[in-house]
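Each structure below appears as structure tokens.
Each of the two complexes below includes chain A, the first together with chain B, the second together with chain C.
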Partner chain A sequence: MSPIKKKICLLGDVGVGKTSLIRRYVENIFDDSYLTTIGVKVSQKTISPKEGKDVLLMIWDVEGFNKPGTVSPNYFIGAAGAMVVCDLSRGESIENLKDVIRDFRRINTQAGLVLAGNKADLVGSTHPGRLLFRETARSLELPFFETSALNGQNVAACFETLSRKLIEPS
Partner chain B sequence: MKDNIPDQAASGALDKLKEILLQQEKMRLASLEEELRELYARFDDKERLIETLDPVIADLLYKKIMESRTQMAEALAPVMGDALRTQINEAKDDIADALYPVIGKTVRKSVAEAMKNLMQAINERIDNLVNKSFGRRKKIDKITLLREVLPFHVQQVFLIHRETGLLLSHASNNVDPASAPNEDMVSGMLTAIREFSKTAFAAGDQSLHEIQYDDLNIIIEEGKYAYLAFVVSGTPGSAFKEVIKDIEHKIHLAYYKDLRAFTGDTEPFGPIRGTLESFINAVHEPMFREALAGREKRSKAPAFILLGLIAAIIAVVIFFFWPDTAAREAQLKNVLNSYQQREGSFFSVEKADNRLTLRGQAYAADRRELLQALEEAGFEVNSEAFTVLPSLSVLRETVKRVSRNLGLNPPISLIADSAQLYLTGEVPDELARIRAARLFAAQSALPLIWNGLRVANPARERLINSLNSQALYFVSGSARLNSDSEKSLRQLLSMGNVGDIRRLVIRGCADATGKPELNKKLALRRARAVQALFLKSGLDSARITLQTKIFSREEPSGPFPSKRRVDFKAE
Partner chain C sequence: MTDLLCNSLLAQIQSAYALVTPALMIEKHSPLFNNFCLEAEDPRTTPVCDLVPEFVGLENTFREVLKKGKTFDLPLINKAGNSYHCLVSPYDNPETPILVTFYNRTEFANLKQEILQRENEIRILKARLTAQSRNAASNLIGKSPALQKIKLMVERLSGIKATAILLQGETGTGKSTVARVLHYASAAEKDPFIEINCAALPETLLESELFGAVKGAYTNALQDRTGLIEAADGGSLFLDEISELPLALQAKLLSFLETRRFRPLGSNREKSVDIRLIAATNKDLEKEVEKGAFREDLFFRLNIVPLHLPALREMDEDVILLAEHFIRHFNLQFNKRIKGLSPAAKKKLLKHSWPGNVRELSNCMEQAMIFKDHGWLEAEDIALRRTEPEANISLPATGLNLETLERNLLLEALERAGGNKTQAARLLGLTRDTLRYRLEKHGIA
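Let's turn to the complex of A and B:
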């Protein structure tokens, strides 16, 4: 039985750890040079839910920019969802989440989203970045995970939550 | 002491004698010493040494080469090789300039030679294989034949959903699939590269059709919802493009609904794999048929002569008995004109002899009638690209749906105007404008619509509304703006950019007090006074129209309290 295929985007500022999260999670990956050459790199992961068909995620790792709005919106077209990543140790990347989401939503109004506050291993439990991230996620009413590409914390959970959202839209 | 005196005299004489006897030798010795110094100097000074050896080196080399060619080649080759490498590395441009006149000719000659050999080889192999098959009284295995002779072959075919880049179907003749990169990822990256090229080179609606990598070509045939990517080794001919276009068209016809509603489930496209696989095997068939047709033409020449005679007789009959060609052309023109004027119809006609190719769209009933009329008129019609337009009510529902999906409020609308369909309305930005049109095109499946959507400009709206709802007032008999009016106007102008005003009517008004001619002049002077301020603010004079209005005593002053005013009509 062929899987359900879904395109998702990984978005966020430069250096927040998107590519590291993918490396932690995916099965197949293209050379990183694609990311610097054309600004996007496609990876793949199959998820097998307890019920129903497998889901084949085609993950578009879109090169991050420090200024939202500079990523080509063409890359967002046709995405069923997105994981929006920030760096918990960098407040600016958390503040930019809203702009990144706005740009993505302009193309995909119905797409599912999850937030990933990455580099959780670098910040303590009371770090202002962690608190700001939780507050931002709640205000956006989106599922969120504090992840670490270094030790794997919540990486799979974050992707799996997104894939569930894609096959069971609320 | 005395004994010494003769000795001294003798010694002096001896020296004198030596000098006389050895003078010549001394001179010779000095000369030899000088020559020796000169020789040393010549060896020490490279330039002088080269100057000295130059006349003999060429002779020496010539002599040595003549004596032992192989030995000299072996001795010089490494040095020459190093020298060439160094020179090429250090002066690439110079080398290129030097070789340019020779290289072009060499390459042309080499390519021409290779092509000639290739064609000769293909012809010979076709002849051999076809003759062998005829000899065996067996049906020709066209595929085998083509595989044998064609200089290219399709290695993989991808059917990729255009918007998402997801792979819908794939076929490969790769014997070792494990060695090939994952086809889902390839299709994703291919789509990403296409999007990149669109963005990077601002290609707009145009897109990437071919990627060349070493001996591999990725040839892309784009359809409305999906595109086919063929990985081809070698160079396919022009017929290949037609074949793949045909395949794309057939896939879209057969899977139109599934492609349009695709959300990630690739099950419905399962059967396409078989088609693509057989396509990999059969893709060369049309070209093969062409080759074979040429052979059959030669072998059946008498039959063709007979057919030619019959055709000539038919042509003569047609010439004398068929209605006048000009009248027929006029009839065709009238039929086409009458349908082209109909609401929603938009199509072009290409005529080749008796064959018409229609491209565009029309409502189902009009389309059916037109095709019938043309066929009754004796034309052979190709209507593959002449699509059915859904009813206007259905299209308007689609537009509403697009508005809802994109959150456009107020919603955009659709106008059918003089045989063309326009999307109209305002959207917040350029991206929404493009997206709305794309979404509508995708949902309606119309091949042609005009995007008349405007990007909303709230500041402009405020300015236009304010101008249309305000007036500037003057004291009796005066065309001079008072300070309050001038202040009001400046406030108005600060609400937006005057350059956004597309058309502005400035109407100078006066009441009926005094002579009518003077009142008219007064009204015009008022309008001009206000015009001057707009011009000063940068509004193009071509966009301004001046009007005057003299209110009679009985006439009410309209929406404004005073008749002594200037009011506006802005767009």
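Let's turn to the complex of A and C:
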């Protein structure tokens, strides 16, 4: 039996590490050179969030939000979930999480969401970015993970949490 | 013939099409369209929204195209090194009313990439620098005039690297924090910040630690060793408790500060580095100079920009702002949900003299939060270190009214003891009878 297919989007400011998170999760590789994403790229990964339930994830690496309204909202249509990513070392990208979520929610009101505070390897345990990220996540009442595409910290956990939301919507 | 021509043209421009039935099945497609389909699926038997990865979840969108006759597009889909603009449009044929096309837009995408790459790199760098300097400044918490003065000085000094900076202040006033702020406010991400406590190492070790040593310079020098001054090249060297630096090393440090050159232990070759030197002490260096314990010339060299950090008791209500900062910090560290300080707790913190300054406040909040999980921190949750006020009280230059002072102390002791005279007497070091006598003397009921 072919697995059910679900579309998820990775969204967030430019340079927060969306492509790196996908490459770490799908191919288990990391490359620290930065190449800005233009448009979208869809990667695939089969997972089993529940016994006997295979899901083929269509992971949309959506170009970064650098100005409001520059990302085509058509990319969000049909998504069952989204991982909204920020860079813990750049407060601005954390502050923009709410705008990114608002743009996504305009198109997609029901999709599951999870937040990823990426580049955790760059910031210390008491860095204000961590504090701001946790406060933002709590205020949005969304599950959140401090991730590192560099060392893999919480990357799989973040994707798996989102995947579980897809098959067990609250 | 038409199909052949069409397919040949599309192949030349690396583009593809497919015609879709009302049941969302593919009826016909150009050969290149296979590149857009999932390998595991059969185009003849699989609905288009299960066949093309980019169409997963788009069943309703396809039906909308059918129903409303409006084109839907997905700009710049990247696939196998090329970029495509995908269009799902109505097609004037009842059997295949939807036309899917993938136009090759690789050249356009490459051009856009070239423009945005540079723009985004600059944007990211700027944002990171802003965050870095904003975070550095955010470590100086408070609104009191005393702290505002420090913030202003730090701002001015952050751009000047050549001048040594001397931080003076009581123990626990945050000299190390200010040193870091000075460094991070202007340093690049990879510039080093090296810190050493001059009181922590014996003289013999301190010299090699600071200036480095070459192999054979002393008995156990089995290989060349880079000193902290060299390690701080391009960044900042923070010498805490500079007053404890032995006199011989003070001379060597002065020479380095004047020439920016130094010679590692046992070496004939001079090295030169570019560092910012920040020194700190809780002692009065002028008095140390008078005693002969600190070189006058080094003092003058360091004292070009003296920065005196205020004691916590001089920072008015900053005590509360700092306490709230520590609550947020320890909430995260201990995974607690303390809401903040109750009014009584605030009053208690404001009344204390904080001889241990910010460090004492931090310890005090940490201790309070270990024993409480949620709600507000109350006055009784906060255990303050007993202070010995008699040791701190000195006659002000303008004199004082002893009677008023005694009355105020009696009232404060009673308030702190909640009206309990035995406890109030203990706070003042009096017997209960003596306290009663003094209360009567001042007409305090």
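Rule of thumb we're sticking to: the second predicted complex is superposed on the first by the 155 of 170 C-alpha atoms of A that agree within 3 Å, B and C clash if a C-alpha of one lies under 4 Å from a C-alpha of the other, contacts with A are read in each partner's own complex, and residues count from 1 in each chain.
As a working rule, a contact is a pair of C-beta atoms (placed from the backbone, for glycine too) under 8 Å apart; a residue touches a chain by one contact, two chains touch by 3 or more.
In this text, all values refer to a predicted model and were calculated from it rather than measured experimentally.
Under the clash rule set out above, the superposition-derived model of chain A with chain B and chain C contains a clash between the two partners. Of the two partner chains, chain B is the only one that A:Pro73 touches; chain C does not reach it.
Once chain A of one complex is fitted onto chain A of the other, the partner contacts of A:Met58 extend to both chain B and chain C.
Of the two partner chains placed around the shared chain by superposition, chain B and chain C are both touched by A:Val42. Of the two partner chains placed around the shared chain by superposition, chain B is the only one that A:Arg106 touches, whereas chain C remains out of contact. By the touch criterion stated above, A:Ser93 is placed in contact with chain C alone, chain B being left untouched. When both complexes are overlaid on chain A, the residue A:Val14 reaches chain C alone and has no touch with chain B. By the document's definition of touching, of the two partners only chain C reaches A:Arg134; chain B does not.
Comparing which residues of chain A touch chain B with which touch chain C, the overlap comprises 2, 5-7, 34, 38-42, 44, 58, 72, 74-75, 77-80. Considering their complex, residues 38, 40-41, 50, 53-54, 56-61, 72-79, 83, 109, 112-113, 116-117, 119-121, 123-124, 127-128, 130-132, 134-135, 138, 328-329, 332-333 of chain C touch chain A.
Listed in rising order, the residues of chain B touching chain A in the complex are 161, 163-167, 182, 184-185, 188-189, 192-193, 195-196, 198-199, 263-267, 270, 405-407, 431-432, 435. Listing the residues of chain A that touch chain C in their complex gives 2, 5-7, 14-15, 34-42, 44, 58, 63-64, 66, 72, 74-75, 77-80, 89-93, 125-131, 134. Residues 1-7, 28, 30, 34, 38-44, 53, 55-56, 58, 60, 72-75, 77-80, 106-107, 109-110, 166 of chain A are the ones that touch chain B when the two sit in their complex.
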